[in-house]
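Two complexes are shown next, each including chain A; its partner changes from chain B in the first to chain C in the second.
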Partner chain A sequence: MKKKLTPYSIEKKQVRWGFLFTVPCLVFFAVFSFYPIISAFLTSLTNRDAIRRTYDFIGFQNYTYLFTQSNGGFSLLNSLKATAIFTVGTFVPMVVVSLILAVLIMQLRKPGHSKMFELAYYTPAVLSSVVAATIWMILFQPTGLFNQISNFVMHTSGKDYQWLTNNSMLRASTIIVYFWKYIGYFTILFITGLASIPPTIYEAAIVDGSSRWHTFWKITLPLLKPTVVLVSIMAMLQCLKTFSTQYMFVQGGTAREPIDVITMNIYYTGVVNRRLGRSSAMSIILFLIMLCFTYLQFSTQKGGDDVEY
Partner chain B sequence: MKKALIAMLLVLAIAFPMFAQGAVEEDNSPITLEFWTHEDAARAELEDKWIKEFQEIHPNVTVNVTRQSAEKLRELVQTAFASGEGPSFFNLPIENEYQYIEAGRVAPCDYKTLGFKDAADLLDHYQDGMIDAVVYDGDVYGLPLELTNWSIFINKNVFRAAGLDAETDYPKTWEDMVEVSSKIVLRDGDIITRRGFDFRYSYELTYFVPMVEQLGGELNEKEGCVNKDAWVKALTFMQNWGPQGLNLGNSSLTAARKLFNKNNGDIAMANTGLYQESRILTDNPDFYNSGEWMVVPYPVFEDAVKNVAGCYYGHFYMVNADKSEREQKMAWELIKYFLLTEGHAEEYLTNVGLIQPLKTLMNGETYQSMPYSDVFSGDFARSHIVYYGKGAAEIQSAIGSAVKSVMLQGTDPAAAYDALQKNVLEILAD
Partner chain C sequence: MNNNKFVGKVGVGEILTYVVLILVLVFTVMPLLFMVTAAFMDAKQIMAMPYSWIPSKEYFTTESRTFFTNFQKAIVGNHNDHIFFRNLWNSLIVAFTCALTTVLLASLCGYGLAKFNFKGKTVVFMAIMSTMMIPFEAIMIPLYLVASKLKIINTIPGLIIPFLVSAFGVFQMRQYLITFPSEYLDAARVDGLTEFGIYARIVLPNSTPVIATLGILSFRNQWDNLLWPLLCSQAEKMKTIPLYISKFAEEKQTDEGALMACALLASIPMFILFFSLSKYFLGGAAVYESRKG
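This part shows the complex of A and B:
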């Protein structure tokens, strides 16, 4: 039953204050997020060109075009495929490896050691994506470090592993750059999650004779579920929005199709080719995809038991 | 009495301005010009000096210069125009600039301010047909900062190191280019450590379309990529050049023209313009003065049906039509000061290597005495301006994609052509 608030009640006062505190956030969201989304949606229903003064309302033609035509050789379907490959190839290993790294770092007994590793893993996240991609492009060059390492590991000599020219290797290269850049960031998030689990639970497990492996699966992982969900949502959204790495690689002369992720296609279609209506339609499609995945992940979380210490 | 005096003063106050016969006062109120251009250190030095001089002549004028990389500038100008915040005047390559004329976003030349009688008089000062790209509905919409074509720069040292004599063994045909590059290239296994030559990938309208034209093909606004055989043959040549073929070079390696000036044995030939000469002088004066470099004409295929050199492209100064008349006029004044002041065209040429297609410049002693200007003139004579029509930027991306797909991904050239033609027709129909 809905609780009726009496005039001048403390609850009513709290509601007022609560609303007042959320107003700046709501205004910020409305101006910088909600308005652009609405504006992009309205633009997606037009044939707006960046430099033409006039444009017409064309309904959902941009959407039908994107799913049926090649967009000058750089189709949306190819971009969806490139984005899916990148997201799955990056997000899954990133969540798993960052969790493993976080657990390993937490096992270190000396705090100085754990801080050193945290710092080392986190440093790439601070570096600009453009700088990171440029550095990695040099490493992936035929005469670069990666071919030398590959030749050493594979016991070959002078073989070009085509890190920037072969389709699969090119995709792997962008995944490596992204993985290297963000693994530390997600490791820190997991460390924060792990640190919030009360040590008394582990002590009880040790007393009960639980092995480390068993403790991890039966205690750590279930209690870490909210962090896992948070990290996986953040990692997935970040992967879906990837741009700088692919853009810098294409600027460096690699083929565009294998790594033509949606954000890059939006950029080329809107900013380079001036088709603002069509690129807005792509943005809305990307927005809906991200919305769906986020909803799915939240639903998965709701399906389980709530975690309480 | 007092009332009558006030009334008389009021009448006089109204009447004096009405019957004033003096000359119209020049508006000397402050004016700010936003000038956006691409980065070029040598040109920046010249233009900054001229802006200073211009501001001394016009103390009420402030000029804010924004310099960005060529790629970035194209996006910046476009985004600014989309939001109605474009600069007072700017320059871009013609294949990106023409759309601004078509869309009515740039103003026709102010002939009077520039010192010409009319459009015909202006055109008469330039080489025949060379600035036709900016003529629209009888008006001229921009003045050329540069008209550039690319020939082949050769490093004689690298030729010698490969046992070749650059003076006699330089490539005259594309088949020669393959042969010479095969002799020069050095590899550690599959990995190229020295290249003979490499193309200017991403500028396919400038270097690749002329190769197709040599074989009888064409790119036009109505039919797209005309003559499949010619296109397939040119794409096959590129496939043979890349890692799937003879492995002589590819688009992911460092651009040839960037390595050329260093003279460190990495590359023997680069496809670039006259401006490279001043860049060699700036980057590596010893190499410039050594006489160990030369320039030769753009090659043709042995079985070419048309003797075409690489396309030339232009950067034109254009004025934003959305700005006030006064701002537009002042922008044209400054453009005139940059380009048409006596001796400036020669300074652009000698200090930056930029060719303005002015009759007085191209027939004058300064141009004729520039090293290898005869080679560039010869290539100009057998070339035409780059495709700048509908969807130029998109078509260039589509051709670039076809070239990379045959070179890097091993796509069959015929299949790559079919996809390219489909994409180009779609762009043109859109």
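This part shows the complex of A and C:
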């Protein structure tokens, strides 16, 4: 990747310019990324709250507290569970379905049709999450449209599926909202990946008498593997950080406990209940989780570079 | 669903493909249509079973004027203070400024990292990349403390400053500019352009596709941002649109028509942007993918 620059007599001057160009960003990230995360870590070792001016160093007590106590009914363990359910429940179907949709769209012979599907699938992604959650809150009402559709699809009549009142259904509801909003986005990512596979490979496969089904499993999927891995991890990281949907649901009056994802617990503990130390400890835990997955992303990406067309 | 899509006779496979695609299309478009139609109805019709999809005619008569009252309520807001447009304006300003600064700072930094060999370049690059692992949710409280020290809480700069540039943007610009032919830059140097002049006159104009996608991405992220305004803007006047809708939804839970009118109004700027620049929205993925190459 790295290109060697040809040496110049004025090289030194240029080098200074190159460094100067990066300085604004470096300063920015130092103040708005590195300082806050270090500060969050230091705060997580104290019993600081937003009201008292003084606070003491208490070591890792916040962490032990979080893993053993209930934190006012909304424990970290519950949050980890809620986040895990949401993340797995969202990103697995999302990656699978968007991959299928991308393959199907690529099969269409009329470019106008593919464009139309791409546009229609992508449109929910331009709405803000708040708007998406607001629309779906109404659709999920007992007499709302989604119950009517569910009744139609499941051949039941007048059944209330309790989208917002039953705990597991509530979890499913947040997953549906997220799935709806981002399915088009991930479909487009896969379409781009598919488009980068040279058509000559497919032509060769057809000449060799490979069926389309066979071609998909033996050619498309292996060549697409780096994209699949990349998109999966990206989707996973995004799901881990989900906040707006759950926040809107809780503001709208649903139960908090089943969808109390970790970001929401940070928000409530730190901002609403003003326990800065404890919420910082949760922040650090979230950071560590993200760190693991990002490491995974980079390590798989290295392997992914082996694929050559 | 089954193998037919891929092996079946062309005719059957194609029909099945369309059936699946159209079913998903119905799923993605249905809630949008619901928002648009419900914005013109009153709560009673929205919650009626089955949903009627077409607002009844009586809503458009001069007596009831439901279509009008919904939008009026949405604009008037919770406290009759007409802050909708003020908040919309805040959102637009914040999103636009962040898009602009992200593009400028990220391209400058990306150019420096892509085309210059200075000491510690790898360290700088790795340091910037590592910030991608820090979720905003984890640093919002320290950021709030920083912002209150800088006295930018409840101000537009306060909403903008934490998002001036993103590590992802720097990364994208660097990946794009690495493939930029160095000969052009050398030619410009020979012609006597300053280093900054080369950036402004050669590099920037030649990166329009990646700049457009990056700008749009950043605009959309800020347009969608709820968490930071939730902390940073406590004054009604300083709120942004997601926050406005969130507060409005809290208060008007049973007035679904007004709620949908509010959601629709708030989405119009983004729809205009999307349908006029859809090439760059859909191409955003393309730039993202190019990082592999």
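Things worth noting here:
One rule holds for everything that comes next: the second predicted complex is superposed on the first by the 266 of 309 C-alpha atoms of A that agree within 3 Å, B and C clash if a C-alpha of one lies under 4 Å from a C-alpha of the other, contacts with A are read in each partner's own complex, and residues count from 1 in each chain.
Definition applied: a contact is a pair of C-beta atoms (placed from the backbone, for glycine too) under 8 Å apart; a residue touches a chain by one contact, two chains touch by 3 or more.
Just so you know, these numbers come straight off a predicted model, no measurement behind them.
Residue contacts after overlaying the shared chain place A:Glu257 against chain B, while chain C stays out of touching range. When the shared chain is aligned, chain B and chain C each come close enough to touch A:Gln141.
In the superposed model, A:Thr68 makes contact with neither chain B nor chain C.
When the two structures are aligned on the shared chain, A:Phe243 is found in touch with chain C, with no touch to chain B. The partner that reaches more residues of chain A, of the two candidates chain B and chain C, is C. Look at A:Ser168: by the touch rule set out above, it reaches neither chain B nor chain C. Touch criterion met: A:Arg53 reaches chain B, while chain C stays clear of it.
Of the two partner chains, chain C is the only one touched by A:Trp180; chain B is not. Common to the chain B and chain C contact sets on chain A are residues 141, 143, 251-253, 271, 276. Interface of chain C with chain A (complex): residues 3, 5-7, 13-14, 17, 20-21, 24-25, 27-32, 34-35, 38, 46-51, 105-106, 108-109, 111-113, 115-119, 121, 124, 127-128, 131-143, 145-146, 161-162, 164-165, 167, 170, 178, 182, 186, 189, 195-196, 199, 220, 223-224, 226-227, 230-231, 241-242, 245-246, 249-250, 253, 256, 259-260, 263, 266-267, 270-271, 273-274, 278, 281-282, 284-286, 288-289, 292.
Only residues 49-53, 69-70, 72-74, 141-143, 147, 156-160, 162, 164-167, 251-257, 268, 271-274, 276 of chain A touch chain B when the two sit together in their complex. Taken together, the chain B residues at the contact with chain A in this complex read 71, 74-75, 78-79, 81-82, 99-100, 103-105, 187-193, 201-202, 243, 250-255, 391, 393-395, 397-398, 401-402, 404-405, 408-409, 419-420, 422-423, 426-427, 430. Residues of chain A that touch chain C in their complex: 1, 3-6, 8, 14-22, 24-26, 28-29, 31-37, 39-40, 43, 97, 100-101, 104-105, 107-109, 117-124, 126-132, 134-139, 141, 143-145, 148, 180, 183-185, 188-189, 191-193, 196, 211-213, 215-216, 226-227, 230, 240-241, 243-244, 247-248, 251-253, 262-263, 266-267, 270-271, 276, 279-280, 283-284, 286-287, 290-291, 294, 301, 304-305.
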